[in-house]
């Protein structure tokens, strides 16, 4: 495993984080084995959200923590709040209630990182600031970040906070690469040029906010993975070719594509299988050439102007 | 009625403004009655433009002012300039000529607020600054703002001005909600994610510029109102339901939807009927719950990611 | 000819630059004649790129320079680097190698201006800064700029540089006018409102970066010119009408349309024919009225809201 130092924090995080969304689907034994496999391969960040499995993912994780009390100090636990059934809620009341419930489920007295999961259009930013202040004061949360937000959403929230937001978690991979498409297609009369991310990638680089990439292997929330997907034959062929060259799986090449970007992106891998996790971890040991990175991007069917 | 204090000014404005575009369609008596109804219900802002009714809307308003000389001091008169037949013009010459003509039509020697109506792509910003300086020096205009502009258009104009722009008037309502759609759909490969407003809502909150919402009940300039429109059955059902709960009309609920936003948006209502105005004013006395606000938004057919 | 002073430099440039992309198609004699025609009409900027004609355009230009040694001091030579076969590359290694090869081909020991041709998504900006520092230290390049970049791409690169970027070269004309369409259509639910340039035009005005317009007569890289194009009958009719009024060609009117903008845009004309060049140069001697500028824009089929 390799690690990043996260600006504006004392965190040193593994390049891959384990996404715990689907932990709820596992038995206690399976979950424990997955978590220990992650630890064995050097992963030290575990990414949760209050809503994953309706809380059950945090609950199982908390049970593993309880049984293995030395684990807590070795790892970085991150969770998220702000999504309710049918709407988003970044009110002070909801943030505090959500964190307290997460702490209880996780069997821990602190979170290393809390992210606002989705932007609530009705956010009163002074309420968020107040909630964060309380949580920090009570030593319940060490660092804060956001998820699925663009530049100005970070800007306006940051304006109300005394400490810097450290993460923004976004859907990103070689297929879902809007933030790259925008960069290449500036001032072109096509759909790739369309600004849908508020220049988020360059914004985060300028402001030392670390991107976490969610769903590194998914086309979209509804369309599933692009691995072996018939719409992405050329991409899959390239992933295989390059995987063969480096002795890693196509999925690991897809993860390596994200890691190749100089923005130092952390990849949240959500597999529930220890064997798959072991394969993906190999992505950190290779570095794609610039040509390979572009070849993969272009093999999706995108073009350079 | 309830009121907002407008940052960077000494203005205290009613949450609703009377939009005077269609005053030109009224007789003197009808116009006078409408204006007095507005006053009676606490509305103190009257929104004009040099082009409304080809100047006739300002003329009728000016006649009412002339007949009721005590009225002028009690109210805030705002007008706009910058649209000519076939093009936009923010030249010094046009701004000065337009304001002088508006003052004459309105039978007043000052405007409380002047807005640039639309962005003229050929604007020489130092000319705008010069025109504003002259108008302020001659005590013809107290405060300045813009309309239909995005963040950077405000930024570049503001850079040339000694005083802060206080308003930006934009089309906004539960159906025409591009600036909300953008917030929710960051980094999604759909049309709702498309940046068409330059993040204007968050930008105005950061910079203490007050938004005025025009056409709070219209889909677009050509498609008419969404009230009782067959394409918006579910929305209208919700508007009725919530209206029944609070004892106000569906139209008033639609206005309340805008007022619910924490950005402190002033709503410009353009009705010409005193009875309709009385109904709409009731919007200021209720506050939608967060769930109701989201329910209305989603009932238009939009989705949260 | 008329000239612009370029902010943050000591350059005084002609309003038209000669685009040398197609010099590779000419014989030595033709190229020499074209260059001398440009000089005769006051053009002092010659725009190259390492990839034009696979280097042959620079080579021919270098041969003309060699034969006419007094020419070098009278002119401003600009070239670009960063595009490789199949991908973009703004690495230190590639920038240095490309500039050295360009200098050799051009038979000169310095470039007045170097532009990064396209944004490389994998750019390590500290490498660009290092390359620029070396090139300036060795007196190989006097000033730096970019091409086809939006606001934040300039922002992040600029953040790493001690001196200001002076140019951004972009495709712009009355047909390909995304950066104008965006200005007019803020907050409208149509495709013209879509932000595809990162508000680049206003950004450059705010930051004193001069725009160079490439392909002033082309619809797009693949669709050819709009002059006499059947899809643009009304535009061509207007170009003729206005050309007749001022005694210049329709093409010159199209160039004058760009020059009319107050941002002080330099137009890169890429003709290879001395006679055409002479016609285009006449654009600098007229100034379209505001009405004519808007009429031309609207004659493309675009609308003002």
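Each chain carries a letter (A, B and C) given by its place in the written order, and its residues are counted from 1.
Simple rule for what comes next: a contact is a pair of C-beta atoms (placed from the backbone, for glycine too) under 8 Å apart; a residue touches a chain by one contact, two chains touch by 3 or more.
If you're wondering where the values come from, they're calculated on a predicted model, not measured in any experiment.
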What is the shape of the graph in which nodes denote protein chains and edges denote touching chain pairs (line, ring, star, complete, other)?
complete
Given that subunit A and subunit B are copies of one sequence and touch, is their interface built from the same residue numbers on both sides (over half shared) or different ones?
different
Can you give the rotation angle that fits subunit B onto its twin subunit C by Cα atoms, in degrees and rounded to the nearest 5?
120
How many angstrom lie between the CA centroids of subunit A and subunit B, rounded to a whole number?
40
List, in ascending order, every residue of subunit C touching at least 2 other chains.
151, 194-195
What part of subunit C is in contact with subunit A in the complex they form?
86-89, 91, 118-119, 121-125, 148-153, 155-156, 159, 170-172, 176, 178-179, 194-198, 200, 220-221
Okay, in this complex, where on subunit C does subunit B touch?
151, 180, 182-189, 193-195, 199, 202-203, 205-206, 260-262, 290-291, 293-295, 298, 304-305
